[in-house]
Structure formats: structure tokens, C-alpha cells
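Two complexes, one shared chain (chain A), two partners (chain B, chain C).
Right after this comes the complex of A and B.
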């Protein structure tokens, strides 16, 4: 009885989550630009998308920024997580507490603060500002994910490696990093997603001409809706789901070992 | 291989001394057991010798070289950890070869030495296995092989057998001793298991409260403990205190315990439970006391009588069939040979 109720509830949640997305994906294949029914299959909007240079440039820029963000945030975040795990130092607790507000503070406020800061130090808007901003947003996620993995690591393994003659760098590279690799990959995918899906902060930091994909979509909707948006959104959703599927695979793989 | 010496070694944690004034020599090729209850500082001493910790006072010499400021990775020590600490991402052969690879030994030389040492620990065929595919005893052998393959000057073992179950532990004790003899490496091991220490060691050191209480060959320390703590920690001991007189120790019940040969007046003596015998009325000679049975413990081949003597607990251990049949509350006279008395210098109990 309760099992059936649970399944119905789960089904309802899934419908609530995925129905709007499914409708959008369906409509991206509908010939009518006005959501008119009956449904008539067409790939017009995808063809139109393929010819939309502005949209493609924005997508490429988003990919570059997200990749750079993932690379930088993962390197810095992993190093920070290892340092926080390995060393005891004054102010460590405070530092650890300070990692969480950036996750909780509304992006609107973070974005405003970043814009003001970047202008006052002369960086201004543009791709470097976007990468810096996204890295700052992504680092706490990387630290949290890598730290979770580190908690399963037995520090005696580092001692064993040292007793066998391995210096600090060799110990980290040969013993610690292989163990936390699944956490690092998951952290990188998170960082990529934080950047690629980022709208609010990007809206503040992008120069109006060369903007990111989410910002361009928003601007396009304001100008007048076209099913092209459905098409590009469907592609983004597919990519995001693939990414999250990878995260879950990597994490489960790590847990089994 | 080398002799290891510590001189006046001391270590503080948070301003509190956890190890004070330890001076000991571990002979070349010797198997030395460090024994003590938890908090006695035995693990701290092992970690100081390994180089995971640096001493606050004193010196550590390996083969005559002072090493107390050299960190573990450059101290050329081998260490076996309590839970083996095998690298989960490497095969058995890779685990064993790790120390050689770190030292830049060639691939061929590494393969040769790994095969050789795996043969020594009788794991020749298991090089390709992963640690999680091994039994506890096999992991133990891998850990040992990994620690000695680099030919360190000293081998350190931290509670090496505590994670194994009892029957396997005895088997590994024999193995450990065989391998240690074969390699001839100076070995220092830490344990809280007194039987293990007595079995394995050429010499043992008893630690208590961060100080070295006594050291010597197992027999000497067992049969001639210096104080009540050592007597009680290494095996069981019945303690009798009283007033020293010319003829012997006058107990509170008025009986006189003769001094064992060569012993001077001391305020306390100990008698091992296996040295106490039940006497028939009128039988026996020398030392005797009368005690009342509290209960009887059956442990297979041997049995133990737990008795009450003037409010104090007394234990008698013997082969089951040699113990008298008594009902609880019944009185019995116990006797022992004069030389079974162990004079104890220190009247305070640990």
C-alpha cells in the first residue's frame, strides 16, 4: 500500500519536474512558430539554429568559459581541499565556514558586487571577468565535493608512502590524488555546469556584444520568442543531463572501490 | 642493518610530557618488543624512531648516526602499520615495489627484488592481486614485504598482528620471527599483547606513563619483574605486602613468607598463579596461606581458582585435573616454593 503511494508520489514529482521540459523539447520539433496544434514534425528550428551565427558564437564562448572555469576552479579547489584536510592552522574553521556563503548568497548580489569590483580594479566586463567570476562561484562546489571524497581516504596511506621514501609531492601524486580522482572529476563537472548554466552573474559581467548562451537566450526572448529557443534549450538540456549522468557514474564508481 | 640507540628521549604533546627520559639500545639484528598499556607512550616512541615525530629532548642514533632531525622519508626505516595500509589503487607487486620506484631503481631490478621478497613471505604467485582480494594474513605478508624490500636499517612494527584472529595470529608470529631471522634486520615492535611480546622478542621493554619501567630478555622480565606493575602486566600475579623482617615478609595474617634465595628485605612479593598449589591438611612446607573459594574458571586445558584471602583476590592456575574440587565458600590452604616468591621493590601498584 505505502509502496504504491510512494511510487505515485515519485511519479508525480517526476512529471512536475520533466513535463515542462518535455513539452519544450516536443515543441522544438513542431513546425508552427506559435505552439499551434496539431503537432506537425519539422526540424526547421534546428536548421535555423545551424545558420544562426550569433547563437553559435555565444555557445562557443560559453563552452570556452565553462571549460576554463572547470580547469581553474578544479585545480584551485582540489589544492584547497587537500590543504584544509591535511593541515591544522589558525583560522581554519573560519575559513571553512567562509566557503559556504558564496553558495548561499543570491547570485544577483554576488553579480553586482563582482561588477563593481571588476570595474574598480580595471578588469571591467568581458571574457576574463566572466572566467574570474565563474571560478569564484565554482570553487566552493569543487572544495565540498573533493573534501567529501577525502573523508574516505585513510591518512595512514600517506604515512606508509612516506615511510617508503616518498616526499610530499610523490605522496600526493601517487597515493592521494588517485584515491580522490573520482571526486576531482565530479568537482570539475560541477564547476563546468555552474559556469555553463550561469545566467545572473554572466548578465552583469558579459559585454553586450559578446555574451554567453544563457544571456543571449534571455535577450532573444525579450526581443520576441521564436521556437529556435526551444531548439537550443533542448540541446542544452541534453548536454546538462549527460554531464550529470557522468557525475553520478563517476561518483558511484568511486563509492564501489 | 644497524644498532639503534635512543638517549634521554622525551616528547611533549601540548606541553604535557608523554615520553620522558627513554634510554635504550636495540641490538643489531635484535627483535625488540615494546610493551605497555594504552597511553604508556610506546606508540609515540615507535613514531619518534620512525621519524613521523621529532623529539623535544634526547637523541636517536641508527648505526651510530644521529637521525632525530631526519624526516621519515629520508630515514631508511621500514614500517608495518596496524591495518597494513596497503595502497588500494595498486597491485601487490606495485605495493611492494613502491619504495624501489620512489628510489629510482630500474624496472628490471624492481621486478627481480619484488619477486624475491614475495618469495620470502610466501606470496610468490599473488603479485597481480589487488589488496582487497587478499586475506588478513596475506595483507600482513604484503605489508611486511613492502617494508623490507628497500633493505631499511631498521624495521618497525606497530601492533602488527592485532587485526588478525587468534589462530592466524599464532601462525603469523612464527612467520614473522622466521622472516626476521632470515633477513637479520633490527626489529622494534609495539604491542599491548604480553603473550605476543614474550613469544616474539629477544628482549622486551615495559613502558608505563611515558617511562621505561624495565627491559631485558622475556624470561628475566617475566620471572624477575622489578615492580608490581610489571608483575601484573606481564601475566597474572598474586601480590602480598607486609612488614619485612629478618626471616621473611610478615603478612597481615601473621604468617611469615621466607625470602627467596638472594633477595633482601622488600615490602612486597608476588607469586604467579601457576606456582600456587592446593595443600592437603598437614601437607607441605614453606610458604602457606589459607583462602576461601570465590569461584572457579574453566578454560579448557587449564583452570583457575579465584579465591578470597583477607579481602584480597588470589588466583591459582593449574591443569584442570590437578585442581582440587571445592565448593564455593570452602576454605583451602595454598602453598608455594620459597623461590617462587618474586621480591618487588616498589610497593605502589600501577
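Right after this comes the complex of A and C.
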């Protein structure tokens, strides 16, 4: 494959990936509610959005749940990652393997299983159930990202600190945590994204009239298109792209230059 | 190696919160679902649970469920093949033909959509594919003849939406394995007179296989259990798959035990797929 053909191919794939998103963003500024052309610039749908209390309440709930998820999953996941890195102990392989089911099993299965269990034990559906579920989905991501950062950390540094008389907590707080801070930040942003963009699991765990933003959008789409959805969708895409751009700044996952 | 007592306390203290949470929110729910799948009906009215195999029997007896599972597996295969055929050259160009800052920027561009909201991306295709939609008008403007392109609520629409959702996975994993591939191997083969086809077949593909297979599994597994893309892009006629039937049991029909049994059969398919590819996936990790 010649270099030019290769670049054209890559370009075509990028067009495929971004065209629908770009068209949606453009249409959110089109005056016609039926995507009619010619294009006529208007911010009507964003103004409408500003007056849509239901949409705003769902957005606020999504943000609260995603923040709580990021906070809890990062704390629990970082602690587990440090222990898995620092010690050799029986059963460690099993614990590492147990991180894969939440990532690998289709969300449809995890979501319906959570619905059954939470209903049976009396937690039911709603915000607590959503946080419980989202944190579980995010923990493996945090552990994997923090573990990747820990692999670049020389254990000799911990030993040196310990031999100079520092206790386990001091070593962790003064030596280990500062080194892996970029990994922790990236893990937290991932956890936030896992929760904020989550649809399938939320769909089963949210209560009608008390939903997250993606679930509300889904309900609205199934009732029939409204251009307001374009507007809110465009804002969501922009927000998550910004978030992932930030992740890429603190945590390089494209390999070496 | 013997562990000191204080080490054991430390390990337990650091690890147990995360794993207790996973147990409460993933492993116990999966167990509860397995239990439910053997119940005749959901025990929410206070009646004593009646155990039965009827829901698994229903899967075996009724061609509807078996047919839909097969249809979903086929959909998974089609989407996986397309993703590999498009993703492999893409990863190759990124890993071997572009250098420096451009590579980093383009790589980020390729995987960025993947971390954006999947629902929104599927919805954006709905705008494009509608009859008299943007795509049809755009093609009409460019091509000299009249095109009539109403892909919305069709099988191709579902496939397009799924490829769009999962293509970045294949590009990511293939790219990582191609990056580890030593260019001097290719040069050596070339200087010995090997043709491009031979080099691709005998050197590049075997060495990149773990990455390609890892990507393929990451696509296949969620596609077999997909709900969103069939619902939004397939509509009523073309959008009935195994996953949507499971969803119906929980949100429309309220036959939770049947839904649980169907979910577990899907889980068995997923686990079989992971087990088959596990040796390859382990290679991809190292």
C-alpha cells in the first residue's frame, strides 16, 4: 500500500467516524425541526433546552452520579491496585481475573442481573442503585489504569523509604501516591466517563421520572425526534470529547512517540 | 513466601473494599440471576418459589429464541469481519506510515469517538440514514442520477451503527501489536525477495494475530448482546434480536425468570467465545 493510498484510507475512516456527529451538530443549529435544507442558522433549540426543566434535572442527576462514581471507584480501585502491585500472595491471580467479568460481560446481562438482585434485596431502582452499579463497572477500569502507571514505578523507592524508617502509610502517601498521581487522575476521568455515558445499565436501574440524561434522551428518541435532542446530544459529545482529551494529556495511551 | 501478619492486614484493608463492592454489585447479582432462571415465576407476590427448568426448555423448544440467538451471532460475525477488514489497514497506516506528532494526534482522533456517548452516536446515524435524510440528499447532489436511499430501520443500518460503535476497538488493539512488530523483519524478508503478499501472510499477520483477535473478541461479545443499535436503527421490523428479546422480558413482558434464563444462555455463548480465544488473548497481554 503506498503512503498516499494509506493516508486517503485513514482519512476516509475518520470521515466515517465523524460525519454523523458533525451532521448532528450542524442540524442542532438548523432552524427547521425536520432537518430540512437549505440550512438556516438558528439557536432556537439551545434556547428551548435552557427552558427544559426535565432535561436539566436529568443532566444534574447524571453529573452527581458520575462525580460520586468517580470519587468512590477511584478511592477503592487505587487502594486495590496498590495492594495487588505491592504484594505477592495466594489468590492474587484469581483476584486479577475477577476484574474481567464486569468489563467483558455485555452490559445487558450485568444490568438485568443488577435489576433482579437490587429488587430482591430491597434496594430497588433509583439513584442509590445507579451509584452502586456504576461504581462496580468503573472499579476495574480504575485498577487497570492505575496498575499500568504502577508498572513504571521502581519498588526500590518504597524500600529505600522504609529502610529509612517510614511506615507503610507514610511510604504510600509521600512516595507512591505522588508518583502514580497521573494514573489516578486518568482513572478518575475514565470512571466519570463510564458513569456519565452509561446507558444500558442505567436504563434498567433508573426509575421513570427520575432518570439520567442518556435514559431520558432514549425515551425522547423513541417517542419521536425533536431537534432539542440534537442540541443536548451535541453538548454531551463535546463534553465527553473534552474529558477524553484531558485524559490523553495526563495519561499517554498511544504508546511512545 | 510467607507473609507477615501486618502485611496480611494491609492487603485485606486495601483490597477488600473494592472487591466487596464488586461482589455486592456484580457477582451476587449474577448469582441471583442464575437462581431466578430456575424459578417458575418471580417470587414477588410472596408465594413460595417453585423451581423448574421450563425457561431453558422454552429456549430449546421454541425456534423463535434459538433463531434469534443465531441471528445475533451472525450479526456479531458480520460486524466483526467488517471491523477487522477496515481496522487492520487503518492500524497499519497509523503504526507504520505516519510518524511523530501527527501519529499521536490521529491516533487520538480515531479512539476519541469511542469514549463518547454510545447512545448519542447511534442517534446521530438515525439523522443521516433517514429517508430523504442528509445522506440521500448529499449523494443526490453529487451523483448525476437519482438515488433513493432509505436505510433507516433496516439490517444494513444496524450493521453500520454497530461498526461505527466498535471499530475503534479493533484499530486500538491491532495498532498496539503492530507497533511492537520489528520493521527489520519485513526488510529482511523483502531483501530476500519475498513478495508483499507473502510478507503479509507469513510475517505480519501471524505476529499481529493476538492484537487482531483481542480486538475481534472485544467487538463480537458486545455486538451479540447489543440492544441499543437494533432498537434505534432497526426499528420494529429489522431490530428484533436476541438482546432486544431479553430486554422485553424485563421492561415490557415482565417475565423476569425467562429473561434471566435467556441472559444466562447469552452469557454461556460469551464465555465460550472468551474461552476459545483465551490462549491468544494471553499472548496479546504480554
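Quick note on the criterion: the second predicted complex is superposed on the first by the 250 of 257 C-alpha atoms of A that agree within 3 Å, B and C clash if a C-alpha of one lies under 4 Å from a C-alpha of the other, contacts with A are read in each partner's own complex, and residues count from 1 in each chain.
Methods note: contacts are C-beta pairs under 8 Å (C-beta built on N, C-alpha and C of every residue); 3 or more make two chains touch, one makes a residue touch a chain.
In this text, all values refer to a predicted model and were calculated from it rather than measured experimentally.
For the composite obtained by superposing both complexes on chain A, the positions of chain B and chain C are free of clash and fit together. Within the superposed three-chain model, A:199 lies in touch with chain C and out of touch with chain B [touch as defined at top].
More residues of chain A lie in contact with C than with the other chain of the pair chain B and chain C.
Residue contacts after overlaying the shared chain place A:85 against neither chain B nor chain C.
In the overlay built on the shared chain, the residue A:46 is in contact with neither chain B nor chain C. Shared-chain residue A:154: touches chain B; no touch with chain C. In the overlay built on the shared chain, the residue A:133 is in contact with chain C alone; chain B does not reach it.
When the two complexes are overlaid on their common chain A, residue A:248 makes contact with chain C while staying clear of chain B. Of the two partner chains, chain C is the only one touched by A:19; chain B is not.
Here's the short version: in the overlay, chain B gets within 7 Å of chain C at its closest Cα pair.
Residues 257 of chain A are contacted both by chain B in one complex and by chain C in the other. Of all residues in chain A, those touching chain C in their complex are 1, 3, 6-7, 9-10, 13-14, 16-21, 23-24, 27, 35, 37, 72, 75-77, 79-80, 82-84, 87-89, 95, 98, 101-102, 104-110, 112-120, 132-133, 135-136, 139-140, 143, 168, 193, 196-197, 199-200, 204, 214, 217-218, 221-222, 225, 229-230, 233, 236-237, 240-241, 243-245, 247-248, 254-255, 257. Chain B contributes residues 50, 52, 71-74, 76-79, 81, 83, 85-89, 98-99, 102-103, 146-147, 150 to its touches with chain A in the complex. Against chain B, the residues of chain A that register as touching in their complex are 154, 156-157, 159-167, 170, 174-175, 178-179, 257.
Residues 1, 3, 6-8, 10-11, 13-15, 17-19, 21-22, 24-30, 32-33, 36, 44, 86, 89-90, 92-94, 97-98, 100-101, 103-104, 106-110, 112-113, 115-121, 123-128, 130, 133-134, 137, 164, 167-168, 175-176, 179, 221-222, 224-228, 231-232, 243, 246-247, 250-251, 256, 259-260, 263, 266-267, 270, 274 of chain C touch chain A in their complex.
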